[in-house]
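In the part that follows, the structures are each spelled out as structure tokens.
In the two complexes that follow, subunit A is the common piece, with subunit B as its partner first and subunit C second.
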Partner chain A sequence: MKKFWALLLTAAMMVCVLAGCGGKDSESDNAQGGSAGTENQGGGSGAGDSGEDATPELDMSKTVKIGILVSDATSAEALAFRTYYTEYIQKQYNVELIYSDELADAAGEAAAIDTFITNNCKAVISFSSFDRAAQIEQCEGVGVYYAVATGTLTEDEYETYKGYEHYVGAIGPSLSVEFETGYNMAKHYLDQGVKNFAIFGGAIPYYTEMHIYRAAGMLTAMIDAGGDGANYQGATDMGGVLGQIFADGEVKTGAIGDVNVLGYVGGYDMDDAWFGKCAQMAQTADLEVILAVGNGSDFFGTAIAGTNVKIASVDAYASSYGEAMEAGMLDYLAGKFSASIGPIFIATYRAALGSPIRTADGNAFALSQGYWVASSAEEFNTYYAVDSSVDAPAYTKEMLDTLLTADYAAFESFVSKYSFEEIQGM
Partner chain B sequence: MKNSKIKKYIMNLTPLLGLAVLFAAFLILGTVQDINISYGLKSILSQSVVVAVVATGAIFIYTLGSFDISLGASTAVSALIGGIVYNKTESLLVMTLVCIGVAVLVGLFNSVLASVFNLPVFVTTIAMLSVLNALVLVLIKVNGTGSQIAVPAAAVRSLNNTTFKMVVLLIFVLLCIFVFSFTKIGRMQKFLGGNPVCAKLSGISEKKMAIIAFVMSGIGVGLGAFLSIVYAPTLTRNTASSVGMDVIIAIVFGGMPVSGGARSKIYAAVIGAFSMTLLSQIMVMFNLNSGIGQMVKAAIFILVVFLATSGQRGKMLPR
Partner chain C sequence: MKTKNKNIFKQIAGTAAIPAAAFLIVLILCSARGVKLFETEGNWILFFRAAASVMLTTFALSLNLNSGRFDFSIGSVSLLSSVISASICTSLGLPTIPMLIISIAAGAVLGMVSGLIYVIVKLPPIIVSLGVALFYEGLAFAITNGYGVSFVANTELTSFPSVLNYVLIILFGLLIFIFLFDHTKFGYEYKALVSGQKVAINTGIKEVPNAILCYTIAGALMGVVGFIRATQTGTIQMSLNFGSIGVMFTAFLPMFIGGFIGRFCNEKIGYLLGAITTAFISLMYARLNVDASIQQIVTALILVCFLIYLNNENKVIELVTLKQYRNKKTK
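And then the complex of A and B:
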């Protein structure tokens, strides 16, 4: 009898869960169907009036499935991106976005793309970079469009794959933008007369290029401000600093002219010893500013409480950073805005509908996009109000619809105007 | 009496029936949703094969009533060293042999360590897990770019097809079935797993059986490492990171009793590995996010294990 009840309960649980999921899908389908219906009534475009005129040649009546590869499903940045796609884009366009699980390696990426192909996804937008070359090859092999969101290919990779028919392109901070981001962050404080820094190196020990370039930018700014003879381990320019970090796999502490790097912590070990090192670095005597190549306030915020140490981070616009700024645990944020992934969606969507955007040479595009920088709580709140909105985000449907028929030049121009003020002025 | 036999027979078949039900569900849902079923089946086979091969070898360890928590890390280390060797020699054969050799050595080290210190094998594999994870980082830092070791994709592309992978799996499964079911090694291992006291009194060497089990498991891990390279030739610190847990789930999902012993079956690993991947594909068809998907999978997992073991609980021999 016990077995019977146990079985019955498990079966009931399964039926409820699956039925619930089915219901959700149905609602989603209905919503999309409704949207499609509106499109048909409105002339075959998206659910807005503007679409009728903007996209006469694109048949958007059928739901397009797009797979989204993610290697991070929990960070503030990842959640903000996901919210923009699922809560805004998916409701505005006739698309079904299928997310992968949180991927941990290249095999996971390959398996996820296989799953997308099985489910008839017409395109893949990738936020995962364990093996971009393999992803592109896999998609090209089966005729599925592929785009890189919030990142770029290396120069060699771009040269190899730019002519692939199904490679759409990439939009994200280029490595030179990452360098500038670190440079400007350090310069912001150097201009205020700050001399004593510590650096949080994030994924530098794992040789993550964007973190290395940001750190190199910080160190180069210190060299430029450090006076005559200032150098980092003998390096005096960007190339030399980059080479030194790549050789060491870390940032060395010490004097750079009359500027000092008093402490350094790298990696994301997240164990007691690592958090101990973080706390120790934050308590270093004479320390004025912690420059983080990624999220700094979460790891050092508590440790600097009651001190005058400031923290500068690179990440995304999330409520937790606003709270950290209000509480004095974060002083400067170079953050990605969630709607920055709007243009790459449009490019991918267009490709799936048969109208890919190509450069004048007929190649896939590689466009750079930078960060919004907030150095006060007021500035942060202004940006965050726009960034977190699912009704009127930074890139609204009306704005994105202009890209549905744009040529490459217009598309490039749109993407290049990424500052808050430029977007608000559109 | 007859009913009892029929019930036992059906219970034994539960994992296989579970696989059949999942397969039918995949076909029906796939047809309804108009998915690419033929590509899906190929990808299911392709995605399952590494776990299936490693789990098949691991059955020998589980039969002894023990288990190895370091299989995923061992797969990663074998693959990384295999990758390094390929980049030096450009020989796939040498790479394959190195993958198997490294994995067998790791297994032997585990079992010998357990013998020397007279510890349960499980304990030594916990220590080995830490050592291997550290070794992964060292190997990548010293021999790779710092973040990865990459075997040229072109070198393994011709092997990255379903037929080749299935042939490798089939050969290894047949080898394991032969050793397990047609030699006295298999019988002794089942005896040892079912009743270690009685087995020892009968003259069966626990240490010798543990060494054989780890060698067989090592061959599976080595082949799994090789197939991992074939599937994704860019190896990082997270390569095969999920294999260890997937192997445990696959073995239990396939109907293998965790206590080992006479009811152990080689095919449980294959059934479990394919069932898991089918289940994941079905979850995607429902467009479940990973959180809900994991919960559904967990519920189905409990249901299958409950059914598969319902006729066996309370019948375990004293250990």
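And then the complex of A and C:
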């Protein structure tokens, strides 16, 4: 009797194991159907058909796990990026994207990468920048591909890591693009004859480079428009202004020729004193425009209600900004578009599949991307409709599939055409 | 008669000393920099808003802390109740007063749930409140898909900030709190439990319903705080991973100050005066544009110095008395 039960149990276990294997196969098959298309899945979707012709050398039959490091899980920008990856990319490609918790420091980044490695992730896309160098070293050490999304390495870091086998590269607004963004924002108003500004410095007190460069761009535009002898604390060019902000850890108020910086608030303290400072700045006499290096309307919107003060921000395309624009509180938005992280995904995916994109001299790439600028509610709505779509986002699967076999030159050309009109024309 | 007058004078002086000293110091610092402390209506609004929100937070914190229940979840209750009320009001187009009422009701329910969890699972309140804080933060995140709530363009809801409205909140909050804790059976039972739990229970006071009611009241108070914070800017930013806990720390200094002032008058009035003291300091930070890092250092120093004084008060008095005695002796 015992033998009978032992045999029955063994048989049952065998059936379970085989059934499990069968399930895995069918699941894998299903995944293939939804992927870019593979050689052994000829009868897939239209997209799969094109993928079959375009990507003969890439075996996309197996689900690739990619870890996503995030230090911000709540901003409009971070949420838009996450929606694009989880609601679009993950459904179009045979990938599993595993998100980290909201990271607060370099130790958290290291722990999250360890978790990714334990989860058999083949690559990491990082939106977190507490210690990029340590992240790259950690991934290189275990043979996991690593890419930087919506950011760049410093020149020194790039020189150090560009030759690393597992460092894929970075795509994001370079610091010169950040400078240009601030410059263009201020110039937009200076060209209209605006003379009295206030600046919201966001993370300048924490020495966040992108915010410092944006503010430097604003001040440089004011120097250029301020007439003879205009200067910011003695500085007359980009380098001088940058040096001054880095030295002070803030933007100083005062006259720049015949242009005035009437107020400045930095940081994100969010306490009573900070909100008091924001309200005070927004209600400064003669103020015309608040230039924000980050989100401006959320912090100053109510304070300027009923006045003619305008707000210009740098952030992402979120519905709340649309409402603020309709209500006349937000006047100008330089926003990242959510699909801008599509190309870095393709580059990372390709690397994980064994076909990394390298520059002509065999190094990791460092490419720059800019913002979509909306200066009216109509413009905002046009951009937002595309940016918030999870069915037809700015970079669709068909567009991204062209990168699966692209060489570096074609990849670079694709990334460099980031304006709304250029993307729509692709 | 002389002794009675002396006592009244001592009470008034003890009650007013700290806020008056804070006001004078702040005034001197501002004058030295050529800045008027109250220059615009915005400065008054900031002052009364800070006083109102800090006073209510101090009530909510002290209510459970005096009973030995450390509640880390009050910030998350404030966050989630404002998310609920703002979401309902923006979608139904409701004005300010319904938003305030919904916020209070939601806060009370959330506080009650927090209290129920505490009495059911019987774990230390610190652990329970940390779990509840994470849960409520996550819930607020899930309800808004992470985007928070923005009603910057809703001029009705963002019209609430005014001196009169904040003064009314302070007055009603103080009166209701005094009534509940000084003039009801619940209040007497609460005091009995605070001063001697075992004895109180032996006399027939039920600890569990009292604790749940404390959590419920604290939740309702934090609902008002959430409402004040939300209508201030018209946006509610999300917090994750205990990001909401910071709200609680704004109440420590006024709570200790209130406890000290409570020797000379009603403790609740002490909390209000503690909140007014911190509101003076906040206004000074704003008027003098004090850097955040310096603010933190100054606030921490004030708190530490005050605690050092409270813990060594007898020694200080002894020292002063001894000096006076020696002086007399020498003469």
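General observations
To be clear about the criterion, the second predicted complex is superposed on the first by the 380 of 426 C-alpha atoms of A that agree within 3 Å, B and C clash if a C-alpha of one lies under 4 Å from a C-alpha of the other, contacts with A are read in each partner's own complex, and residues count from 1 in each chain.
We take it that a residue touches a chain if its C-beta (ideal position, glycine included) is under 8 Å from a C-beta of that chain, and two chains touch if they have at least 3 such contacts.
What you see is a predicted model; the values in this text were computed from it and never measured.
By the touch criterion stated above, A:73 is placed in contact with subunit B and with subunit C alike.
Legend: residue contacts after superposition of the two complexes on their common chain; A:157 is shown touching neither subunit B nor subunit C. Of the two partner chains placed by superposition, subunit B and subunit C are both touched by A:101.
In the superposition on chain A, A:87 makes contact with neither subunit B nor subunit C.
By the touch criterion defined above, A:412 reaches neither subunit B nor subunit C.
Contacts of A:140 after superposition: neither subunit B nor subunit C is touched.
By the touch criterion stated above, A:269 is placed in contact with subunit C alone, subunit B being left untouched.
In the superposition on chain A, A:117 makes contact with subunit B only, not with subunit C.
In the superposition on chain A, A:301 makes contact with subunit C only, not with subunit B. The residues of subunit A shared by its contacts with subunit B and with subunit C are 73, 101-102, 104.
Interface residues of subunit B, counted against subunit A in their complex, comprise 33-37, 39-40, 43, 46-47, 50, 141, 145-148, 150, 153, 228, 231-242, 280-281, 284-290, 292-293, 295-296, 299-300, 302-303, 306-307, 310. Note for the complex: subunit A touches subunit B at residues 3, 6-7, 10-11, 13-14, 17-18, 21-22, 25, 28, 73, 96, 98-99, 101-102, 104-111, 114-115, 117-120, 130-131, 133-134, 137, 142, 206-208, 246, 249.
Of all the residues in subunit A, the ones that touch subunit C in their complex are 73-74, 76, 78-79, 82, 101-102, 104, 205, 267, 269-277, 279-280, 283, 297-299, 301-303, 305, 318-320, 323-324, 326-327, 329.
Per the touch definition, subunit C reaches subunit A in the complex via residues 40, 42-43, 45-46, 49-50, 53-54, 141, 145-148, 150, 152-153, 155, 158, 161, 232-235, 237-241, 250, 279, 282-283, 285-287, 289-293, 295.
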